[in-house]
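Next come two complexes, and both contain subunit A; in the first it sits with subunit B, in the second with subunit C.
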Partner chain A sequence: MKRVYVNEEWCLGCHLCEYYCAFAQTNQVSMARALKGRKIHPHIRVEESGAVHFAVSCRHCEIPLCVKGCITGALSIDDGIIKVDESRCIGCFTCILSCPYGAISPSPDGHAARKCELCQATAAGVPLCAANCPNQAIVYEDRG
Partner chain B sequence: MEYAIIGNSAAAIGCVEGIRKIDKAGEIAIVSSEPHHTYARPLISYLLQGKTTEEKMKYRLEGFYEENGCSLLAPRTAVSIDTAAKSVTLDGGEELRYNKLLVATGSTPFTPKMQGLENVSEDDKHFFMSLDDARKLASRISKESKVLIIGAGLIGLKCAEGIAGRVKSINVVDLAPRILSSILDAEGASLIQERLEFNNIRFHLATSVQSFESSNNKSAYGATLANGEELGFDQLVLAVGVTPSVELAKNAGIEASRGIMINSKMQTSAPDVYAAGDNTMSFDVSSGQSKVLALLPNAYIQGECAGVNMAGGDASFENAIPMNAIGFFGQHVLTAGTYEGEVFVSSSKDCWKKLFVSGDVLKGFMIIGDPSRAGIYTNLVRERTSLSSIDFDLLREQPVLAAFAKPWRSANLGGAH
Partner chain C sequence: MGAFDVLPDYEISRNLDRCIVCRVCERQCANQAHEYVPEEDAMASDESKCVNCHRCVSLCPTRALKIVRSSNTYKLNDNWTDKIIKEISIQASTGSVLLSSMGNPEDYPIYFDKITINASQVTNPPIDPLREPMETRVFLGPKPDSVERDSNGKIIPNLPPQVKLSMPMMFSAMSYGSISYNAHESLARAASELGICYNTGEGGLHEDFYKFGPNTIVQVASGRFGVHKQYLNQGAAVEIKMGQGAKPGIGGHLPGKKIVADVSRTRMTPEGSDAISPAPHHDIYSIEDLRQLVFSLKEATDYKKPIIVKIAAVHNVAAIASGIARSGADIIAIDGFRGGTGAAPTRIRDSVGIPIELALAAVDSKLRLEGIRGKVSIIAGGGIRSSTDIVKAIALGADAVYLGTSALLALGCHLCRSCQAGKCNWGIATQEPELVRRLNPSIGAKRLVNLMTAWQHEIEEIMGGMGINSIEALKGNRLMLRGVGLNEKELSVLGIKHAGEGQD
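== the complex of A and B ==
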């Protein structure tokens, strides 16, 4: 299955992936129009510590503790992609407590959990974080 | 029947999904004493609050049983297991034969011995464990109701939150000197108590009900507390705790203490009989103790592990830990592990946090407020990661992956999974 992988050696720490992630969620055509003046809530985040920076997003684990631990059944695996059904999520955040990568976030209003779903349901159809990483520090590949 | 499962909650559903990873066809029978499609038990308080519906709180979507080749026998109760003949006797006398059996009977609310409890009619006395409990409570409360809840644990307080906007008053009595004593220390508990009190929930702690009286001046019933207080009420919720449902297994000669004894493959002492969920003893790796971990994630993982093994696969589950994520009136509480060792406290406007470190590992933590990335801490507890192998000073401040050694990141963020 194709997943998002990061290579921290090549990460510039530019945070563009965060903006593209937020843009992908809007399904709009113009990034500037979609994001200008708005606080963004990306599902990928760039961590920085001294000279080290790298992006983190959902690993779509084969043994997903978030899905197993979900108390409502809102989290499920669909063709390898871990998805949240927001209508069934009650925002207890057991998934946030379960995820070893810190890759699941509360929605901006706090009512549900949100995460990377590999942009499958967006207009782009492919993860924009990887497609727009200027240094290919983020790639979308099938590594088995 | 190839597989029989007694129970229809998280452990049972985990078992079905575990079986189907290996065996796509073998017939599965699910015996459930509740007449419902599998539902998310912890959501009953959200149902009363109006934050979910009976339809949305289905733990798996409509069609789950058909898609997974399961026959749901409900409402049916298993009355005995014959491990030699490999059969389960159901109410009505019907025999259900199996090749592999999962006992996922969960737990039963505990009724304390309290003087005068019989003075409160069955209609006005409630447990808060099942959908039927929630429906009954909902049918009995109104804007004029005065509700008395015995027990300030997770169940009692979620019930309180669930009905807070729908009744006149809520009083909570608990023998413990603090609320949520199973997951929080005194300091953490006081933060949540404040939030609950702000929402008109009143607490009477470190005391107990001495007797219930069948009438009180203005209310249907009265309760006299050990500290001398008298409380009038018209609906009573008993939430003092739960007992693992082990009788069925014990009567079949299956080894059990407080819970059913299982190994890391979820096998019981009887051949071809597995157990999972709130009715089992788990080994908590954070404390090194065997205990009942009545937690939904634990139940699912145990059930799934049992299912894989029942179908001839090879799975084991060896790193159970206590973990709870719960919220009260928008305030999140996330806890995991065991509270022992050196304590690191931090407190800001958004987040109160306590980390417990002993013997180079993170033993446990409590977070109240911002839940962000708490799972990074949980993983340290679960995996007993050596803190000297990571930048714990950085991690103490906030849960970040930058605190891990670069090879860990390359393997986990850059490698295959």
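== the complex of A and C ==
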């Protein structure tokens, strides 16, 4: 299955992935119109300290602790992709606590958990973080 | 701005309707031309720090940025131009030689653009390269004057060592130090994939790249940096660099801050101390001296590697090349005055040397006249920008060309001509690890392969149009060229006819 992979060696720490992620969530055509004046809530985040930086996003684990821990069944594995059903999420954030990568975050209104779903349901259809990474530090590929 | 600061040449224009304050411009500018202003949650810029490398423009996700030529001007004067006034002001402040990088950007004639190429019509059919075989392979090195056979009639294999190239192009000498590890890796991997050569320049060869040896030209220059027996034997050929088109008669100076640990080890020079290449080779003051170095290198490589001698195109280039051909060298590389550099005194770069088209034609004519053209191959470099330039160079007498600037452009260079600052935002002309990682060699090598493959295809198309199916048949075939708007003297040096004149 195709997943988003991160090559730390080539990450520039430019944070473009975060903005493309936020853009993908809006399903709009123009990034300027979509994001102008708005605070972004990306599902991929660049972790950095000094000269070290790399992007972190959901790895869509084969044995996901978040899904195991979900008490309402809001998190599920759909064809390998771990998805959140916001209507079932009660915002207990057990998943956020159990994800070893810190890849799940609360939604801006605090009522549900949100995470990367590989852009499958967006207008773009492919993860924009990988498609727009200037140095191929984020790739979307099938590694078996 | 201080009283004596010069006006910036360019301004950063930000479309505030589009800027989403993602700060990518700020994070990507090593010159700190962009700044985030938290009080206003907005970006600000300082054009005096901008080198116009277009890194921010290219990465801005909303295309909010552009760099524009500043309209801020001194009182107009065609003699004391803005450029001259600024240069004088800078020198009055610093007391230093003006430094520049990349090739001569001044407004000299570009002869390639005043030469047109022939095509077949009616009496000699053109060839379709998609349907018929088309040979772009070349071999560089001396060719025997005649075929010799033994008593059984079998050909005696007396061909001296050659460099085999799948197409008549090579990447010019650019040292590890002047360009980054990742830039070198991109060039090496591309050359290896394409079956051509890249050139170490005067910086030695990093051990990681020994595996690309068969596609490497190893250079020996006046500083002799990184030269040892294994190095010499690693390459496909050894190049003695006598001069460089961007700075004929001038040595090199790699500042200590670029001599980081790996570069120091590869160059065999102390870390952090300037690496200075003398203007002359201190053991070469004549063709006889050159001959000694040529044969020293042949001895060191067991007579298995062709020796290239690279010179800058200067006024007496034809006579010098004739001497080199007689020194035992196998290949002569001529570097025209448009050739690039990581740093050169501006006055030298912009005013010394001659155009490659004229130098190449003069050398080829002279060697033919003297009957020694077959003793050497000729590589032309310095200002070759496209496949048509390559075709014209070959028709003027080159066996192959060196491509430096165009290769760097493929790697992302935007010709901001600030290499000497060592803060290349594209990860090419820098040794700062944070900047070097911006050039992913997998992307770089792929782009180089794309460019060369595209040019090879175009060369085949152009040759096919002329009814020529092999580079060998194009070489020195000046009847395939015509001048447009050139005077008698220019035509006679180029050895071509004016457009409108027929074959006879």
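The rule is short, and it goes like this: the second predicted complex is superposed on the first by the 144 of 144 C-alpha atoms of A that agree within 3 Å, B and C clash if a C-alpha of one lies under 4 Å from a C-alpha of the other, contacts with A are read in each partner's own complex, and residues count from 1 in each chain.
Quick note on the criterion: a contact is a pair of C-beta atoms (placed from the backbone, for glycine too) under 8 Å apart; a residue touches a chain by one contact, two chains touch by 3 or more.
Predicted model only: the values in this text are computed from it and were never measured.
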Could you tell me if A:Tyr19 is touching subunit B, subunit C, both of them or neither one (first, second, both, neither)?
second
First, second, both or neither for A:Met31, with subunit B first and subunit C second:
second
Taking the superposition on A as described, I'd like to know which of subunit B and subunit C A:Tyr140 touches: first, second, both or neither.
neither
Once chain A of both complexes is superposed, is A:Ala51 in touch with subunit B (first), subunit C (second), both, or neither?
second
According to the stated criteria, A:Gly69 is in contact with first (subunit B), second (subunit C), both, or neither; which is it?
first
Check whether subunit B or subunit C contacts more residues of subunit A in the superposed model.
B
Tell me the contact category for A:Trp10 with respect to subunit B and subunit C: first, second, both or neither.
second
Seen from subunit B, its contact residues with subunit A in the complex are 10, 14, 40, 42-43, 46, 51-52, 56-61, 296-297, 300-301, 304, 323-327, 330, 332, 334, 336, 371-376, 378-379, 394, 399-403, 406, 409-410, 412-417
Per the contact definition, I'd like the list of subunit C residues that touch subunit A in the complex.
17-20, 22-24, 27-28, 58-59, 61-62, 64, 433-434, 437-440, 442-443
Subunit A residues within the subunit C interface of the complex
9-16, 18-20, 23, 30-32, 35-38, 51, 132, 134-137
Please name which positions on subunit A make contact with subunit B in the complex.
3, 5-8, 47-49, 52, 54, 56, 59-62, 65-66, 68-69, 71-73, 87-88, 90-102, 104-106, 110, 143-144
